[in-house]
Each structure stands twice: as structure tokens, then as C-alpha cells.
Amino acid sequence: MTAFYLILAGVILAMAFHALMTRPNLLRKLMALNIFTSAVFLFLVTLARMAEPLDPIPHAMVLTGIVVTVSTTAVGLALLVRLYRRSGSLTLQSTDDD
Amino acid sequence: MMGAADIAGAVLAVAGVLFFLAGTLGLLRFPDIYTRIHALTKADNLGLGLICLGAAVQSGSLMTALKLLLVWILVLLAAATGASLIAQTAHRRGIRPWARQE
Amino acid sequence: MTTLYFILVGVLMGNIAVGLIRILRGPTAADRMLAAELFGTVTVAIILLLAIVMEKPVYYDVALVFALLSALAVVAFVTRGWPNPEPGEQDDGRR
Amino acid sequence: MAVFDLILGLLLVVLVWKSLSVSDLFGAVISFMAFGLLMAVAWVRLEAPDIALAEAAIGSGLTGALLFSTLGRLPHSEARQPVVSRTVRNGPGYWMTTGFWWVLAILLSIAFLFSLLDLQTPGLGGLLQERLPESGVLNPVTAVLLNFRSLDTVMEIAVLLLAVVVAWSMGTVVWPVKRTLPSPLLPGFVRLLTPFFLLVSFSLLWRGSHAPGGAFPSGAVLAAAGILLLLAGKTTRICPRFMFWLRWILAVGLLVFVFAGVSLMVAGYGFLVYPEQWAGALILLIEVSAGVSIGAMLMALYIGGEPDIHSA
């Protein structure tokens, strides 16, 4: 069962990484980043479950990680709204070709 | 091994899940937003209520039962108010209720 | 007994899977939000059933926090997230 | 049991796919929230109640509200756009690029999985159980967060505070403060609900010492209460006198934590190495101040800018 969750984490990780790299929309990038971190948390928690007895240290790490993720997301969203006010677009454009 | 409480809890849980099924069916098949809200609140209120009751019957501790009661009351409040808010806003935004066209 | 509960949890998961169709089809944002609300309640139910099966009353607290926070999602949607104006809402509300 | 895992996994993958590749941004956000809900089920399945609590409060609740509010601040035309615009999709090299990233993503996750193969940790769970009596609390996760690895937690609170500073440095709140309420029901509902939020928040904080809970879920529930009040028509404008106190509330968690660490150092122990007989009391003090601070900081992050000042 733990092997299944490890593979699941791997699949989600790959999907999120791909989306993070290829989606131009910044809101989507932020969601991809969130899902990416969730996949990493899934790795860690499954590892904790595999240990005998249950290892609570990854749990503490993940708890810290969740809070850091939400603060990153909030700052990212605030920046995104500012960017939209400034440029009228949700994508990052290179400054030289337009 | 199985006590009466366990059996009662299981029966209540099954009944609750049936309400969830009905709610999902309604959400899928009903024609407009207002009727879908109607279907959804059945799942929220009765389905979860029955499952909470089933869990409370099995827990055998008053504190846990009270906590489960609190869960149910909170979901009732949120579902009822949420349904009302969504319906009112939808109405104000001009989404017209479905009417049979003859 | 455990098997019965796992079947019930499986049925509830099936509910979520079917509810995804409503998210996909919409047509209005409110319909999608309704599906999300259903998911929230179903999740609470799943966690309650898992708590019974695993005999860990700790998870009732998780259900409690979920029940509290379900209000936040709906209110945030109605006051801030509802797209304005809704596309195609003027012609009719059906699909 | 295995069937349950399989369905959960499939649903998670479908939700990830939908939230990353549906053209309707609103539908994507809803799928993302549903993903958060199901992740909480996965945490319950993997016997991580602390994380399930945090995910319930932060992962689906606060992040969902944040995303909704961001969507609400963008015009609707932005919300329905193709994931990748047609010109890019038909342009040269699109499939090469996306294929390249796919290969890289799959390699990355395979590397991740293979790194586990020769990971020979027996797990620190046994050691932790042994040392738990010294920590002053009974919940192992709280013991790790606030005693054995408390430096990590100091840094985490510092990161949160830094995030608030960054958000405030971008100027004042950019959304219209006054909005028409959807219904007179809303303020009454929120008024009814606030005591419940406070009750659950305090109980989570208190339980943190012996059961799953603690400062983070507690702070998140507190922040949720604040956000609800905000959405129910309380303004983001505050009077300057309160601004002073607000800054202190935001900082008190970090200040108490650092102050405790430094005074322990002065007293001859290490930085944040608690003497055994005071450990419980110190952890409680730190946890209460951190909980209040975390609640205020998460709410400040939700507002997303420095509050407007109006002279009362």
C-alpha cells in the first residue's frame, strides 16, 4: 500500500512539474506549485508511514512546509494582482519582443 | 462480537450514504441551479446527519457524541446559509428558474 | 463490518467522481460551487467513516475543522469569487 | 482496502489534471480545492492526523478563499482562456518543448522514487518515543516542532512574517473596501459562527500538548474567522491607533520565541534548549503567542496589502 502512495506521489509530481514549466498563466503556475508541494508532502508522509514505529518527524516537517507554502502562495497571488494592474496580463512577457 | 450499537451505527451509516447518493443524483440530473441546491441540501443535512448519528451511537462516549453533534450543526448552518446565499445571488444575477416548455 | 464501511467509503468516493461531471459541465460558476460544496460534505462523511473503521476518535476533530471551514469557502465564493457578469446567464439558466 | 486506495489515487490524479489543464480558470480553482479535500483523506489514510488538521484548515479552506478572492479581482475575460494559446500551440517547437518538459518531469519523479531505494533509515520514531518525557509535552509532533527542532519553527514563523512584510511593502489593499452584501443573512450567519471558530481554535491550541493540534491549525482557524468577518462587511480600514497594536500582534510570536531562546542562552542553556522542568510551561507560552501571531499573519496575507488607515 505504501508503494502505491509513493508511485502516486511520483505521478502527481511529474504532472505538477510539467504544468509549472509549460503553463504561461501565472495563476496556473501557482496552483501547479501548490500541487507540487503536496506531492512532496505525500512522499514524506508515506516515508513516515513506512517506518516502524510511525515516525512523526516528517509530519512536523510537512506541517512547517504547509505553512510556508500558504505564505508563498499568498505573496504570489498579491504580486499577480499587482502585475495585472500594471500590465493587464496574467502572463509574463519578455520585454524585448513586444 | 457485534453489539446492538454497532449494528445500529452501520444501519444509520448506510442510510446516510443513500441520502448522499440521492443528492449527487439530483445535482447531476436536475435542470437548473435552484433545483440542484434543493437536491444538495438533502445530502448535506440528512446524509451527514445520519452518518454523524451512526458514529455517535458507536462511540459510546458523551464527549465524542457532543463533538459529532457540533459537526452536524456546523454543516447544517453552513449548508443552509450557503444554499440561501447562492440562490439569492443567482436570482439577483438574473439566472432564471427552469420552467417546462410546452 | 469493516468491509461494509469500506464499501460505503467507496460509494462516497464514487459520488465525488460523478460530481466531477458537474464541475466540468457547469454551466454557471454557481453549479461548480455546488459540486465543490458537495465534495466538502462528502469528505467530512468519508473522514467520519474512516474514523469509525480505524477506531481513532482523533479524526473527528479533522471533521470538525472541515465542517467549520466549509462555511468559509461558500462565503468567499459568493462575496468575492463569483465571476461578474456570468457568461451566458442572460439568455437562460438552463443547459 | 486496496480498492479504496486505488479510487483515491485515481481521483487525485484526475483532479490534478483538471486543475492544471481546464481552460476555465474558475473550474480549475474548484478542482484544486477538491484536490485539497481529498489530500486530507489521504493524510487520514496515512495516519497523519496533525497534517490532516492543517490541510483541512489551510490547504483547502484558506488557499481556496485566497484563490477565489484573486479571481474576483480579475476581470472575467481573464478567467476563461485556453491553457496554452492557439498561436503557441501551432507554433514551431511547441511539441518539442512540451515533450522535453514531460521527459524531464518523468525523469525527476523516477529519480525521486529511486532515491528511496537505498534510503536506510530505521525511522526516528523509536528514539522520539524514548525522549518524549523530556520534552514537556505528550504529542510527538508538538515535541518535534517546539522542542527538539524548534529552530525550524522559529524560521517558519520568520518566513510568515517576512511574507506579510513583502505583501505590505507592495502598498495598500487594492480591492474596493465597500461591497454590497449578497444578503442580510450573511452578517448574522458570521456573527453566529464566530464563537464556534474561537472555541475550536482555543481547543486546538490547548490540545496541542497532548494530542494533534497546536499553534498552526489553531492559528489557521482563527484566521478563517477573521476572513469571514471581513467578507461579511467589516472593512479593511483601521484606525492608526490600532495599527500600532496590529504590528505587535503580528510580531509577538516571533519575538516571544526568540526572546525565550536568547534568555535560555543567557541562563546557560543552549539556544532554545529548555530545562526539563520548565519545558511544558515554556512551550505553552510560545504556542499561545505563536498561535495568535499566525492567525493575524494569515489574515494579513489574505488581505494582501497594507490596510488602509483612516482617522477615527
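Every chain is named by a letter (A, B, C and D) in the order it is written, and numbering of its residues begins at 1.
Here is the rule we use: a residue touches a chain if its C-beta (ideal position, glycine included) is under 8 Å from a C-beta of that chain, and two chains touch if they have at least 3 such contacts.
What you see is a predicted model, and the numbers here were worked out from it, not measured in a lab.
Of all chain pairs in this entry, the one linked by the most C-beta contacts is A-D.
With centres computed as the average of Cα coordinates, no chain lies farther from chain D than B.
Centre-to-centre separation between chain C and chain D, using Cα means, comes to 20 Å.
In whole angstrom, the spacing between the mean C-alpha positions of chain B and chain D is 28. Distance from the chain B centre to the chain C centre is 11 Å, each centre being the mean of its Cα atoms. Within chain C, residues 33, 35, 51, 61, 64, 68, 71, 75, 77-78, 82, 84-85 each touch two or more of the remaining chains. Shown for chain B are the residues that touch two or more other chains, namely 70, 74, 77, 81, 85, 89.
Contacts with at least two other chains are made by residues 1, 29, 47, 62, 67, 71, 73, 182, 186, 189, 193, 196 of chain D. Contacting chain pairs (ordered by label): A-D, B-C, B-D, C-D. Contact residues on chain B toward chain D in their complex (touch as defined above): 70, 74, 77, 81, 84-85, 88-89, 92.
Residues 1, 4-5, 8, 11-12, 15, 18-19, 21-22, 28, 30-31, 33-35, 37-38, 41-42, 44-45, 48-49, 51-52, 57, 60-61, 63-64, 67-68, 70-71, 74-75, 77-78, 82, 84-86, 89-90, 92-94 of chain C are the ones touching chain B in the complex. For chain C in complex with chain D, the touching residues are 6, 9-10, 13-14, 16-17, 20, 23-24, 26, 29, 32-33, 35-36, 39-40, 43, 46-47, 50-51, 54, 56, 58-59, 61-62, 64-66, 68-69, 71-73, 75-85, 87. On the chain D side of its complex with chain A, the touching residues are 1-2, 5-6, 9, 12-13, 16-17, 19-21, 25, 28-29, 32, 35-36, 39, 42-43, 46-48, 50-51, 54-55, 58-59, 62-63, 66-67, 70-71, 73-74, 78, 81, 83-85, 88, 97-98, 101-102, 104-106, 108-110, 112-113, 116, 119, 121-126, 128-129, 140-141, 144-145, 149, 152-153, 156, 159-160, 163, 166-167, 170-171, 174, 216, 294, 297-298, 301-302, 304-305.
For chain B in complex with chain C, the residues that touch the partner chain are 2, 6, 9-10, 13-14, 16-17, 20-21, 23-24, 27-28, 31-33, 36-37, 40, 43-44, 47-48, 51-52, 54-55, 58-59, 61, 64, 67-68, 70-72, 74-75, 77-79, 81-82, 85-86, 89-90, 93-98.
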